[in-house]
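First chain written, first letter: the chains are A, B, C and D, and each begins at residue 1.
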Amino acid sequence: MGLRSYVITRIILTIPTLLLLLTAVFLVMRVLPGDPAALHFEKKGDPADVERLRQILGMDKPLWQQYINYIGGLVDIGYLRQHGYPNLGKSMYQTSEEVGGQVFSAFPATLELAIYATIIASVLGIMLGVASSKSYGKTPDHLIRNFGTITYAIPVFFLGLIFQLIFGVYLGWLPTGQRISNVAPPTTITGLYTIDSILQGNIIAFVESVRALLLPSLTLGIVLSGVFLRLTRANMLETLRLEFVTAARARGLQESTVTYGYALRNAFLPVLTMMGLQFAMLLGGAVLTETTFSWPGLGKYMVDRINFRDYTAIQGAVVMFGLFVTLVSLTVDVLCAYLDPRIRL
Amino acid sequence: MLETIILSDVLLLERVQKLSEIVRVENLKKYFPVQKSVLEQLLSRKKSYVKAVDNLTFSIRKKEIFTLAGESGCGKTTTGRVLLRLTEPTSGGIYFKGEDITRLKGERLRLLRRKMQVIFQDPYASLNPRMRVGDAIGHPLEIHGLARQEEKTKAVLEVLAKVGLTPPEQFIDLYPLHLSGGQRQRVALARSIILKPEFMVADEPVSMIDVSLRTTIIDLLLSFRNELGLTYLFVTHDLAVAKYISDRIAIMYLGKIVEIGTKQEIFSTPMHPYTQALLSAIPVPDPERKRKAMELKGEVPSAINVPTGCRFHPRCPFAEKKCITEEAELLPVTPTHSVACHQK
Amino acid sequence: MPLLKIDSLDVEYRTNRGRIRAVEDVSFSLEKGEVLGLAGESGSGKSTLGLSIIRLVPSPGVIVRGSIEIDGTDIVKLPEDKMRLLRGGKVAYIFQDPMTSLNPVKKVGAHFVEMMQTHEPDLEKKVAIERTEKILKDLRIPSERIDDYPHQFSGGMRQRIMIGLAIALNPDLVIADEPTTALDVIVQAKILDLLASLRDRYGMGLILISHDLSIILERCDKIIVMYGGSMVEYAPNAELHKNPIHPYTQALLQSIPNIELSEQKLSAIPGSPPNMLNPPKGCSFGPRCPYAKEQCRMKPSLIDVGNDHFVRCFATGESAEVE
Amino acid sequence: MRKKTTKTPGSFSAPKTSGSTKTPRSFLARIIPGLTSLTRRGPSGWMVTLGIAIVLGLVVMTAVSPFVVPHDPILYHGPLRSPPSLEFPMGTTDLGQDMLSRVMMGGLIMLQVAALSVFICFLIGVPLGLFSSYVGGNFDKTVSLVIDAVYAFPGLVLAIAIAAVLGSGVINMAISIAVVYIPSYYRIVRSQVLSIKELTYVEAARSIGAKWHTVLYRYIFPNVVPSIVTVLTVNFADAVLTAAGLTFIGLGVSVDVPDWGYDLTNGRKLLTSGAWWVITFPGIMIILLALGFTFIGEGLSELLNPKLER
């Protein structure tokens, strides 16, 4: 099977997955609670208020019709063109607000955090994983493994709080919240402050946004590096035992070539695949990190709306998270296929 | 020994053939559909198949050791599995003592399993690692409700002794983990003879056993033929072992039998070019003998795209026009010896 | 000076569950152009011995005693960077499973170029490619397949590529560790013929490791029979075949079927190979030996019985008489 | 068909029968051979032992704490926000509650939620995985598709959504966590069954005429157990961390019960004042609990996974 047909297949296969995911979200948010509108008022609201809310949100219609409206809104290209974001319905909390718009404006913050955390986690995880596997059974291996185990057991928000306490409160080196402080944020191009500030040549905004990013992305990155480390280590150990590694050594190749060109190069594919799956875990951690650092991303938006019992907003955020994960796993799979010559038959 | 001599008496065999036949296979086919991706399924309706077993016909006589030999991928193992109904045949008939067993289901198939047994290649994989030796060997009795408790234990001890694991009491509580490869293969043997089967498929039973232990396993197989009247379908890639153990041998190539005959016929007068090449390639443990292997072109083609005509023609040094277009049928050259080759 | 000279070599695996003496008191030598066969069953230590010669015994394996001299240099003490250049340069190794011995994500040609440039840093890539093409052509692999990936080749072809890699830098010694075990007979014969013709052409020393005594007897000049980590018998091929002295060798020879013989009675060796974590005291074959005596509870040493024939058995003369 | 002979130096035949193998073994020891002699099995054995010790210690502490704590964790009000001292070894909260007492008692909800959610996961995930993989066909395909979709979804986000809808309470928290982790059980059981199903000894069971439920029960299931045990312990750690996360966000149980997660939320507000003790001690307890389970899980998977054994 050629690479192109693989990519096409993979994209086609994404459609049922997405549909399934959207349906699941619908079931959880609309069907499970029975009547989300009544729940919004904690079942104590004035029946007239509840009814009005139902009408505004279209919840007075039968479920199947709500379902069609929900899916239809998402694929409404006209709406997307007009607003720049998909139709995710209106917020329960403030019925004049479009959830789609809010979710889309919160998303870049989450994306930026996720990107830097992923970079930190993979660099740290892969480096330590390789080092650990190379010293299998010896002291460095034990130390690195214990580091991995401990990071796995640390609640991400606890690490965040400790970082805030040390670097923010006691040392006062770094800000403990917001995406940027002291200066105005750069004009939005991509929505990622570090990129936007560079594009505009705004050095001060760049430095400030990096300072703000440092603690949250380190927190998330370190916690996740434990998982990446374990994946890398396990796959490296398995690959290092394969005959082609010994054969490479028997040809007199340098140990670094053997480690990176042979072992890691082959161990990397399964690691990358697993990293794609672990991205979901990273996003879960991002919700907590955002809450800890008052990072105005999708996760914080969702947590804030929980307090207002704004179920349509929560639903919108969950859908957005789902789309994001699906997109990432698609990208990772295609990347893996591209890197693996065995798929290019 | 006497038995072997009688059995090898070709003429006598001819006469009693119909009476003594235990397994007959007619036009047996097993095609495995090739796995396709979703996209490929959408784009084309044409299915392709791995033709693992392609139109086999042969019969095995009572108390005979009949060998299917060939290189990896020739379909010999699949044939054995289809015969036991561990894999469903695509088409064709399998007759066990005259009864067509290809359609048997449920309880009747389970009853058949008592009569037909199997011994696998890999002794490290054929035993459940979490089952004690005694339980594993006694389990067939339990399944078929043939013996309980003490009776079962007695039967287990008996077969353990029979396969040479003595004293049997010491083995009954062990897990496979505690046994060597040779010992495991004996346990597997014990499990398959405890039901007193009439027919056994031995699928490369010694190829993963250390050389020094092979003979003991082969001797056990031979002794069961005499003691229990077992008939074997012996599947092997090792023609030297085949020569030692078999009465008759069929050589397979790409899912088909290319030559079939008694052991003497196959080894002293091989007719098919493939058989000849195969025999010439076998190493001989004798420094004095310097033989020259027959040159064959290329390698075995894939069983998905089987060559036209005689499937051996692309590699055959004697191939002619006819071989490219016409399939060669398996035709007798003597009453017991048949070859599928246009040149004969 | 012999090409390879091994003297009283001991190799151990230091596992959690105890020490395993995988190779014990092995001594032999090999000249250029000679083919030495290492025969033995699984666990006999033959592969460990092979890997010791290039000092690649997998961890936790350690060479604990003895010397391995290649052209007079003891490689046991050689610094790692010098040892590394010896591998693939002077000594080449061919592995059992051609399906897994090539890097799946690297083109076949790149394997060659990388190796040549490692050993000859000044070599231009263009020249390396030319040399690779020539080697492939010699092995009857179309040179346009130089940019194919390993999975695009059959098992036999891959083993030929491995052989090509082994001879790429004209080594003096090639160690082939079960080079045909994963292959079918017809391909096996072709590979063994190829190795023989290369030996004739380049005159390197060849060590053929195999569990299949038939191959060893057919292809080698000298034979070492290994059992339980030690060499039990060491003799020129014809001598070993005609006059096997060690009871294990005798039994082994009688347990391999020969298709050229019309009537053959194979005999079995009773018992099981030794458990190396808990090896028998004294002679490792003792528990299975029909001639074992009280004396065999001690370790026999390698005894020269003449005609370049060595046996590790107390009953050197006697067992032949019992026969 | 020929297989290559495995050739791992150092892997020799297993030790011959010793007296100990014949003595009847307890059920647990039958499942995990060698659990009885853990520490003799190298670092992995030590890890398991240490993990068990930590978890047992915390469980015992939680169980006896109501009788031994120096102060009532909720009602007692001492000096406000006092740093650790002799009288209050872990300091006090902004309401003057004794942190030591709160830390000692604060594991109850987390342990309950974790245990309950693991129980639910086990009860649904394992049978579903066994059945689905053994039956195969369209049923298996459908269930797998659904499960994979859930698995690919950010677990915590899903748990938050469900918990937000269901409301607070131990059972609701456990359910929302269970939904997230059922896929892990299902997937591991399914992949194990699928690979074991192809093994020769299952084929051998069929060839002696065993019925499908006998095959599943006697041949497949016992070999899946080690993986289930591993997932179960690791899942305990995940459940603890997820429960802590939910509480941190404000989806936990009421404020009337001391809880480590709640103290962290509370401590976050006091962070700027430098009251490190309010977050540090409960945080360490959560880490310890999760670490204990992770140790058990990691150690077991090393012990039970012969692949990595050299």
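In this text, a contact is a pair of C-beta atoms (placed from the backbone, for glycine too) under 8 Å apart; a residue touches a chain by one contact, two chains touch by 3 or more.
It should be emphasised that the depicted structure is a prediction, and the values quoted were computed from it without experimental measurement.
Chain centroids computed from C-alpha atoms place D closest to the centre of all protein C-alpha atoms shown.
When you average the Cα atoms of each chain and compare centres, the chain farthest from subunit B turns out to be A.
Subunit B and subunit C have CA centres that are 32 Å apart. For the pair subunit C and subunit D, the distance between mean C-alpha positions equals 49 Å. For the pair subunit A and subunit B, the distance between mean C-alpha positions equals 55 Å.
Touching two or more other chains at once are residues 2, 5, 13-16, 310 of subunit D. Under the contact definition stated at the top, the residues of subunit B that touch 2 or more other chains are 72, 180, 237.
Multi-chain contact residues of subunit A (touching two or more other chains): 136-137.
Within the complex formed with subunit B, the subunit C residues making contact are 41-42, 154, 156-157, 184-190, 192-193, 211-215, 217-219, 237-238, 241, 248, 251-253, 255-260, 264, 266-270, 272-273. By the touch criterion given at the top, residues 43, 145-146, 148-158, 160-162, 164-166, 237, 241, 244-245, 248-251, 264, 267-268, 271-272, 274, 276, 279-280, 283, 286-287, 290-291, 294-295, 298, 307-308, 310 of subunit D touch subunit A in their complex. Within the complex formed with subunit B, the subunit D residues making contact are 1-3, 5, 13-17, 21-22, 30, 33, 199-201, 203-211, 214, 218-219, 222-223.
Those residues of subunit A that touch subunit D in the complex are listed here as 16-17, 20-21, 24-25, 28-29, 32-33, 36, 39, 136-137, 142, 149-150, 152-158, 161-162, 164-165, 169-170, 176, 234, 237-238, 277, 280-281, 283-285, 287-288, 291-292, 299, 302-303, 306-307, 309, 311, 314-315, 317-318, 321-322, 325-326, 329. Within the complex formed with subunit A, the residues of subunit C that make contact are 54, 56, 58-60, 84-89, 92-93, 95-97, 100-106, 114-115, 118-119, 149, 151, 162, 165.
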